[in-house]
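Before anything else, here is the set of structures, which you'll find just below.
Here chain A shows up in two complexes: once beside chain B, once beside chain C.
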Partner chain A sequence: MSTMVEITLDGESARVPEGSTILDACRRKGIDTPTLCWAENLTPVNVCRVCVVEVEGSRVLVPSCSRNVEEGMVVATDTERVRTSRRMVYELLASSVEMDRATPEVLAWMDHYGARPDRMGDRSEIVTQAQPVKVQDDLYVRDYERCILCYKCVEACGDDAQHTYAIATAGRGFDAHISTEHDVSLPDSACVYCGNCIGVCPTGALMFKTEHDMRDAGTWDESKQSVTTTVCSFCGVGCNLELHVQDERIVKVTSPADHSVTNGHLCIKGRFGWQHAHA
Partner chain B sequence: MPDLYFGAGDEATEAEKDAVAEALADYGPVVVRETERLVHAGRSRTRERRHLLLPALHALQRSAGWISPGGLDHVCGELEVPPAEAYGVATFYHLFTHDPPAADNTVHVCDDVACRLVGAVALIDDLRVEGYHVKASPCLGQCERGPAVLVQRTGRPDLTVTAVDDGPVTTSEVAVAISSESSTPSVSLAQTGSGDLRLLTRVGVVDPTSLDDYRAHGGFRALEEALRMGGDRVIAEVTASGLSGRGGAAFPTGVKWRGVADQEGRPRHLVCNADESEPGTFKDRVVMEGDPYSLVEAMTIAGTAIGAEQGWLYIRGEYPVAIGRLRHAIDEAYAEGLLGDDVAGSGIRFDLTLRSGAGAYICGEETALFNSLEGYRGEPRNKPPFPTTHGLFGEPTAINNVETLVNVPPIVLMGGEAYAAVGTKQSPGTKLFCLSGRVKRPGTYEVEFGATLRDLVDLAGGLIAGSEVRAVMLGGAAGSFVGPESMDLPLTLEATRAAGVSLGSGVVMVFDQHDDMVDTVRRIAEFFRDESCGQCVPCRVGTVRQEEVLVRLRRGADIEDERELLDDLAAVMRDASICGLGQTASGAIRSALDLGLLVSSGDSQGDRS
Partner chain C sequence: MWGSNARNAHPIFFHHALRGVANGALMWTIDPRRTDTAKFADHWLGLNVGSDIALAHGIAREIIAAGLTDEEFIENATSGFDEFAAFVEPWTLKHTSEVTGIPSGAIRDLSHAYATADKAQICWTLGITEHHTGVDNVQSLCNLALLTGHVGRWGSGLVPLRGQNNVQGGGDMGALPNKLTGFQDVEDDEARAKFEAVWGCPIPPTNGWNLTEMFEAMERDELKAVYCIGENPVDSEADAKHARAMIERLDILVVQDVFMTRTAEVADVVFPAALGWAESDGTVTNSERRVQRMRAAVPPPGQARQELEIINDLAAAMGDEGWGAPTPEDLWEELRKVSPMHGGMSWERLEAEGGIQWPCPSEDHPGSPFLHGRLWERPAGGRRAPFSCVENRPPLDELTDEFPLRLTTVRALDSYNTGVQTEHFASPIRTGEALSISVADAEALGVVDGERVAVSSRRGTIEMTVEVEEYLAVGLCHTTFHFPETTDINQITSDAVDPKAGTAEFKAAAVRVERLADGKLAGDRA
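Then we have the complex of A and B:
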């Protein structure tokens, strides 16, 4: 049994295990909280700030995804200050990057907080991340005008999964961007095509080429897709694969984030071996 | 350790390899130690080599005039750093370039708030016409003698250029400077020789390159005394003195030191924050250029008192004179046994390493500074945990501003209580202020806490002929504007706090009725946009949108149409940013709005001279 900590969450007292984050506590209490840069299989980087909450005694808002609960903490998740900051994070992001391929949750939260990115000014008169799509091989598309710089791909490529370190954040400020060294092409970089960066990207900036091409052609239709779970047969590790099938073709391979072997991460064989099976 | 893969396929030149070898010479074989990982981007912290990345990048830039792909790969091989990460670090800093050099010399001209009042924009135009490779720069920390110029030279040391006579630097002075060996501006102060000084007594008096002369002026007596007293008593005296941090946050220094001294963890570090990049701030530079040994002595007292074996002096890269003098002072102190395994025969170890930054205001934020020193991008860490327990390399660390530290030798010599006899009860001691703008004698001034804004302006010779105060920028770009009605505000922590403003880093920049305040405020917004590390959304995008609003206002947009957006931007940056940069990025702009400075004044030509 872990020690329990008593906190006040939106006016009600809650007992949560020591070492939990405020976000954990919110989830236990059924308080929905938006996140962008947090993922259960990655170390929290707390950079997007969309999960902020008000903690009594703190001058500024606090990122719930990475702040641990403390005995007696008084937390409010739906105050005017919290709503303003969350709405502004979405407005700021959506005024500079294309959000239309973001996950449905992201789009629902933007709606919930009434984000109006248009009021930042006309797209042609403000600075945005508009830039050409990067297609450098048959497997991936990198469309950085959709990138919200959540660092998830960097973490998945580095410490948290792949330990390849093919990509990192370069530049600074609004010019900060995900890059290989000297922006060399992905095939020229250390990339091993594990696809783990794609698996964690929340905005569709990184996409399997199959999915990207189908979306561009207007044929991508998740309502027509079924997901079959299987175990990868390329080696003996036993990774769980989720095969996404549309019109009797595999269109994408993922792995569950809570799977004990993969934590959601795979290698090139599991991720792309099916392409050869088709051929 | 990952297998390193080099995609660029370029080779370093022999000159680049030699420069890197020289920079890494003293560090022996690879020793890797993993420490706790506190932030994203990069594998668990590895010690002993990665922290050499910044010095190695400086070596590349100096030798070749840019960070070439081959040079970077070579450094990555030597230090076992993945190239993508090293590229991410190199592209973080303004002073590193990533294209083959356009010229042997890059002339950085400050066009920030103070310098644009005295002809910076015209100087930039003139230099460009004459064919120089010019970059407009944020504040270079020479606001008292603007427009400030820094020259980066391939293969030779950097230079600062100062005007020979009164009046702004000319293009021919830049030409003369570029052809000379090094810059040697002498520091002179309006107050030199005044009896009331504590912190500036030796500046302009002592030979800054001579340890003997420093001794002859009372130097290193405080260190002897401190070693006799022992660490606990030194900390007790510092606590009794009521000394608080001069880097902006005014945290009680004694409390910080006690906190680190009480940690179990080893090793511990003492870091001196000499990044001084807040627009309008130059006091630390004046101390370091004019009295470098005092900082070495102060750090040694602090380090031995809190039980830190390792001291780090992180100084902004744009201070070549101070860097040169401090390196020399440190070398001499080692030679005399005042640093190293046995400090002044006490048996206590204290090593001191100087590292220079490479053009990034954010690296003055303490946790960003740690990341920069460790060889990572200068992105602030989320707090808690705090530096006292998890500082440099995740180890217990005390970090202090230059001015904070140079208060320590006088405290040791006179005792905490006597120190606190001047100033006010809640703000004991003296304070350095950086006077610039429309005063007759801009410069660094030391006054007792309690002096008013008017006192300071008088000390600086009053306003230039024909000027009336329109506004004063107090505390820097991260501070706020006050109007002429605040001239009798006592500059103490308590009085400024009560007035809702802050002393910040001691900036007092005076604007008069002719100055284009909308342009000044726009330049501040541009500063924050350029200096945001880009890590968190509120600041990365918020500072861009804020600047866009100011540009629209400058073009004549109605403030009433922009007010709601400005309010919301201010709210999210203040409330939801990770660090102080984003949290204060709207402060000066808000205060200008409240003072009515954002309505065009009509009579506006920012660049009069």
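Then we have the complex of A and C:
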């Protein structure tokens, strides 16, 4: 039984286990909090600042995803300062990259905070990384104009799950970007096509080719999709698969992040081996 | 990790293993090849193919000689220790090293680390079981766990990694020649009576045949009709030529499959079936005995039907109308009545809890994360765990001057068995079939990377492309078997089988590699 810590959260007292983050405490209390670079199956890297909260006695806002609770801590999650900061983060990010293929959660939070990226100027003039979409095989599409450098893909490819280390951040300042070793093409890199980087990408910069092609063709329609959880057939580990089905065809495979077997991750067979269902 | 390339064959299990390594666990990999798994290990022991029992005995002898056994556990929970200790006495580090090809110091280090660890697991796959001594190999590993008490406790244990999503469940359900559902013996009159009462029909009182015995019975013309569900023996059996001849000899072959496999092509009747994992409702059971719900997401195509319906209709056509039209849930509820280890797993619990590990005898039981905890009760519950005095016997397909190379079959990350299910997606990392040989052997044979060669065993000859592999042991070669339509590896694999399990010795054939007369290079590899 872990020691409990008493904190004040939005004016109410809360008891949470020692070692929890402020974000954990918020979730326990049902306080919805936006995140971009955080995921429950990855180690926090604290780069996006969209989950910031006010902590009494702290000069600056603190990232709730990685700051642990302390006895007596007084936290405010919905002050004017927090709302302004979160809105600014969305506006700055969305003014430099195209966010129209971001996850529904991201788009809903931008709407919630009234983010207006256009007030930062015309995106076509200030975009920092204009570049063609990378399609180098039949499984992945990498559209780095949509990349906000949240590092989730790097974490999923590396220590947090896959341990393949096919991608990392290269370059500095405006030139910082996600790259394979020496920028070789993905099939020539160490990549093993587990798709776990795509699974964690919040902006649609990384996308399964099936989804990308359907979006380009205008046939991708999430309102017509159902998601069914089943078990992968390719070995005895028992990974749960979420089959996204549109018009009686599988269009995407994901995995539940909260399942003890997979922690949201899959291998190439589980992620892409479904095509025999429609052979 | 012993005889397991989990990095490729069980990638998500290996994520968990790597998390353990990150938390400070040490990993040893025992494999003739320096596999992708071995590259993550602290130590790699590259043993000679088929010398697993020798290594296990060497480790056991060292643990005993160094006084590192768990005496309390051996005294209270095991049987046959004295006999076993005498049996492994000749397996000194020196002798073990000579037989296995592993340096003595490495064997000693592993022995001491395993015996003195707070918690330790031995994980294995087909590198242990696909030998003519497969069962003995497993028992030799069990001996190590019994010597050290690394079994029946949280974090310690013996972990066979299953190769299919329901190979555990298939056995649990009684798809074995000697077991009824829940591992109850066919030849146990009481068990049979219980099932007969629920099922309302008599059950044949004697054990059936395993797959290998079935092929032998075909040869004797004792087995003339086969109903083959979801298996492709024409491609997957070792010594495929013989397997095909036996199958073509049958009076009638009925195949039920999701694809027109090469076995289905020679069938008299084919029942097209719905895919399990995407088109059917039911349960599957994974390597950790976790029963999980499988759910239909898409309808089966064309004439394909639910396997449950096919079997029920077949029963009706054979004159038994009493089977009705049960749902998967109805069948599960019936199963709970006859199989105590599933008794507490209601359909609702399986839905709500996302999977439960058997044994789970009652609805208030949480399921069992590990087995054999009874061995730690005092006095130990149930039967004592016996040590096994199993002999080290090298592969049956002997190496000779005529067939000097050891061929072992392996698996690639992006393909699955005979490729029926994985050939449909365009994997960027698929390189096709090749015969990997060592640098020294390639030089001795005068062959270069990419050259087409003839590979012969005592069963036949096939043409393959050579891939010269750095770090591969001299005398060892390997290949996958995922592309039987272009490279039919099982024309040359060994026909030796383990008489106890019926498993073929896919891991150890003796072969000869020869240059082709025209010395051609492969264009596009198969």
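One rule holds in what follows: the second predicted complex is superposed on the first by the 272 of 279 C-alpha atoms of A that agree within 3 Å, B and C clash if a C-alpha of one lies under 4 Å from a C-alpha of the other, contacts with A are read in each partner's own complex, and residues count from 1 in each chain.
Everything that follows uses one rule, which is that a residue touches a chain if its C-beta (ideal position, glycine included) is under 8 Å from a C-beta of that chain, and two chains touch if they have at least 3 such contacts.
On a predicted model such as this, the values are computed, not experimentally measured, just so you know.
*Asks:* Looking at A:179 after the superposition, I want to know if it touches chain B, chain C, both of them or none. Which is it: first, second, both, neither?
*Replies:* The first partner, chain B, only.
*Asks:* Regarding the shared-chain residue A:43, is it in contact with chain B (first), chain C (second), both, or neither?
*Replies:* first
*Asks:* With both complexes overlaid on chain A, does A:120 touch chain B (first), chain C (second), both or neither?
*Replies:* first
*Asks:* Contacts for A:166 in the overlay, against chain B (first) and chain C (second): which applies, first, second, both or neither?
*Replies:* first
*Asks:* So in the superposed three-chain picture, is A:76 touching just chain B, just chain C, both, or none of them (first/second/both/neither)?
*Replies:* A:76: touches no partner chain.
*Asks:* What is the contact status of A:257 with respect to chain B (first) and chain C (second): first, second, both, or neither?
*Replies:* neither
*Asks:* After superposition on the shared chain, which partner residues are touched by A:231: those of chain B (first), chain C (second), both, or neither?
*Replies:* Only chain C is touched by A:231; chain B is not.
*Asks:* Per the contact definition in the header, classify A:265: touching chain B only (first), chain C only (second), both, or neither.
*Replies:* Once the two structures are laid over each other on A, A:265 reaches chain C alone.
*Asks:* So which bits of chain A does chain B touch that chain C touches too?
*Replies:* Correct list for chain A: 159, 163.
*Asks:* In their shared complex, at which residues does chain A touch chain B?
*Replies:* 43, 45-50, 52, 60-61, 63, 66, 81, 84-85, 88-89, 92-93, 95-96, 119-121, 126-127, 148-149, 151, 154-155, 158-159, 163-176, 179-182, 184, 188-190
*Asks:* Any idea which chain A residues touch chain C in the complex?
*Replies:* 136-139, 159, 161-163, 186-187, 191-194, 226, 228-241, 243, 245, 248-250, 259-263, 265-270, 272-279
*Asks:* For chain C, which residues are in contact with chain A within the complex?
*Replies:* 9-13, 15, 18, 22, 40, 161-165, 167-168, 258-259, 275-279, 284-288, 290, 292-299, 301, 354-355, 413-416, 420-429
*Asks:* Which bits of chain B are touching chain A when the two form their complex?
*Replies:* 2, 4-5, 7-8, 37, 39-44, 69, 72-73, 82-88, 91-92, 98, 360, 377, 382, 529-538, 540-545, 548, 552, 565, 568-569, 571-572, 574-578, 583
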